[in-house]
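For reference, the structure is listed below as structure tokens.
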Amino acid sequence: MTANATHRINGESRLERGRRALDAIDGTAGRKVVDALADIAPDFATYVLEFPFGDIYSRPGLGLREREIATIAALTAMGTAVPQLKVHIEAGLNVGLSRDEIVEILIQMAVYAGFPAALNGLFAAKEVFAARAT
Amino acid sequence: MTANATHRINGESRLERGRRALDAIDGTAGRKVVDALADIAPDFATYVLEFPFGDIYSRPGLGLREREIATIAALTAMGTAVPQLKVHIEAGLNVGLSRDEIVEILIQMAVYAGFPAALNGLFAAKEVFAARAT
Amino acid sequence: MTANATHRINGESRLERGRRALDAIDGTAGRKVVDALADIAPDFATYVLEFPFGDIYSRPGLGLREREIATIAALTAMGTAVPQLKVHIEAGLNVGLSRDEIVEILIQMAVYAGFPAALNGLFAAKEVFAARAT
Amino acid sequence: MTANATHRINGESRLERGRRALDAIDGTAGRKVVDALADIAPDFATYVLEFPFGDIYSRPGLGLREREIATIAALTAMGTAVPQLKVHIEAGLNVGLSRDEIVEILIQMAVYAGFPAALNGLFAAKEVFAARAT
Amino acid sequence: MTANATHRINGESRLERGRRALDAIDGTAGRKVVDALADIAPDFATYVLEFPFGDIYSRPGLGLREREIATIAALTAMGTAVPQLKVHIEAGLNVGLSRDEIVEILIQMAVYAGFPAALNGLFAAKEVFAARAT
Amino acid sequence: MTANATHRINGESRLERGRRALDAIDGTAGRKVVDALADIAPDFATYVLEFPFGDIYSRPGLGLREREIATIAALTAMGTAVPQLKVHIEAGLNVGLSRDEIVEILIQMAVYAGFPAALNGLFAAKEVFAARAT
């Protein structure tokens, strides 16, 4: 892994690579977040595409399944980002995590961040799973 | 997965199962934590063995490699548990994560918990890797 | 206090003891949380009954009134668990705290976690008190 | 700056000075918070006026514009006080910050507290700006 | 309880009342914190005496024993204030909590803020208890 | 402000612009952090230069003095990033904040994040000011 991971790769800019990664990972939920920024902070929409998705999620050193395990765990433990947790529970399903695996991650957070954090994560997952079932 | 995951399995109590899991995952670092509780809160040492290790880490629904990804991510994002983060960076290596994979998880936390959280995680890893090299 | 606090006591399992403690402390609010887990993570419902209620709240070293003071303070200071704070404001009233005493705890949190944390705790209490009055 | 900043100044009590500062800074949004405390914790309404506004915001060592930059940044980074963040985005506009400057502060928080904290701050600002436009 | 709790009572100013409360509760540990502020922020030393101690801890609605339970729980759960937690473990002993009761509070925090928070609280208590034994 | 703030400007790459901004703002303290990453995560050193410094601090919409007010406030309120807070107290002095102004920001954080957060911020400033005096 070299620092040019942050530069143009195969003729694709960070922004283009980020948009492709966002679509593959977060699907329509991610695109909605970016669109909602258009009238308040369009530059931040660009940063969201370029840094998290164009730079970080596009790095080859860890699979997307592993990356989503890390993100779901972190957002559940932090407890301050329920909307983003829901987007990434959805993303976890998109990149190959099963519902049962996601539930395992959320349960495990009771150990590190307390039972309320795990409960709030599980209830967020319940909403995402229900919406997806329809 | 059924609720009797919290009970005696194959004749092994939660405490015995937890001790076995702790040794396999955290090695001597975990055992030191448990020992340090002996004179202040011996019951809490028991709980540490029984609930996180006897109950949660012993659940079959997610591999230990995945569980350590989740724990490393959560502790880095929270930023309030550096000693425990070091134990789990060590644990991650014990259950098959490479140094590079751990570094990827820590870098990714910059997106969700900010650059200082990632920096503090990386410097914790630097210490663990250096101690292990000797 | 010995480590067998986590084992069967007087013929009662951790789960049975936890269910009895949950009913006595959290009443219907606690039971609703456990029921809401049935379709997403039934094992976690078991853990909620066994560890916090069967193990911790059942320990003889501190009264339930004191335990609820600690829980209300912690959840208010953390600020990430409003639904659980409401359950425990209710629980505080169930185990003998007066409304005025609960308000004192919430006010005190301004010192340790800031005025917004105290304000959000007081507005949560206002909702719980109003619902109970009807 | 001397410690008598906490005492009566020019014949004005801390409470009077705090009420004047709250009106100047937070306007009707601040007054609503104080009024909402009347039936649950009237003393806390007094403390809100006296300490944050009568003592701190009335100190001469830093301008109100700078103080609101600090408050907006802190509440966005903490992520546990969205109602208070909205009051202070409003307050920022009241004391001379432009919408663009507030957006800059919120974007910057992505670096220190992560992208979800910045996103949640930006969506809070979007609501405040929209309500003010009408 | 009326709002004049924040004013002069029985001829004693908030500052005098706060100094008396600090000495009674935190003892030399509290006085050291106040002294350490003398050269960097003497006004903040005044605020520490006036608001937390002169206003809040001097309120009659809750006993000091209960107030220290709340503070120890909150600081342990937050995990960002180890020096202050140690001062308040000391304070808890000063106002009548036993070592075993303090340990119970710290153990209970595992439920709400996770096992690392409880562990870090217990190790802080271990240091305070050891220093006091000598 | 347009999205090309994230691209090459006046022939200078994000990395070059970031290195220039880091030197101007954080001085040797910032350079030390970047250097310390060389053997564990060199790519993250690049990201630190490119995103926070090349992208965010280089945006024209807010002055560096204002940006450091926001950063000092946020890091103090979060309480999980003392090493980074020290770097930015230093940076605040570098970009024109006086010691008294920095102390005002830290004091104000008592209102939003509690007295322990403000105390820990003030003691960090005390160290930075003392080191700089020598």
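Just so it is clear, A, B, C, D, E and F label the chains in written order, and each chain counts residues from 1 on its own.
Keep this in mind: a residue touches a chain if its C-beta (ideal position, glycine included) is under 8 Å from a C-beta of that chain, and two chains touch if they have at least 3 such contacts.
Note that this is a predicted model, so its numbers are computed, not measured.
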Going by the stated contact rule, which chains contact subunit B and subunit F alike?
A, C, D, E
Can you give the shortest number of steps from subunit A to subunit E, where adjacent chains in the path must touch?
1
Any chance you could name the chains that touch subunit B and subunit C both?
A, D, E, F
Name the chain whose C-alpha centroid is farthest from the C-alpha centroid of subunit A.
E
Which chain has its C-alpha centroid at the greatest distance from the C-alpha centroid of subunit B?
D
Report which interface contains more C-beta contacts, comparing A-B against E-F.
A-B
Identify, among B-C, A-E or E-F, the interface equivalent of B-F, where equivalent means over half of the contact pairs coincide by residue number.
E-F
Which rotation angle, from 0 to 180°, best lines up the CA atoms of subunit A with subunit F, given as a multiple of 5?
180
Euclidean distance of C-alpha centroids - subunit C vs subunit E, Å
23
Report the inter-chain centroid distance for subunit A and subunit D in whole angstrom, where each centroid is the mean of the CA atoms.
32
Gap in Å, rounded to a whole number, between the CA centres of subunit D and subunit B
40
So subunit D residues touching two or more other chains come to 1, 43, 47, 51-52, 59, 75, 77-78, 80-81, 84, 103, 107, 110-117
Draw the chains as points, connect those that touch, then say whether the picture is a line, ring, star, complete or other.
complete
Hey, which residues of subunit A end up touching subunit E in the complex?
77, 110-117
Complex interface listing, subunit D residues touching subunit E
1-3, 5-6, 14-15, 42-43, 45-47, 50-51, 55, 59
In the complex, subunit B touches subunit F at residues 78-80, 103, 106-107, 110, 114-120, 122-123, 125-126, 129
Contacts from subunit D onto subunit F in the complex sit at residues 1, 51-52, 56, 59, 61-62, 66-67, 69-78, 81, 84, 100-101, 103-105, 107-113
Quick check: in the complex, which residue numbers of subunit F touch subunit B?
33, 36-37, 39-41, 43-44, 47-48, 51-52, 75, 78, 80-81, 83-84
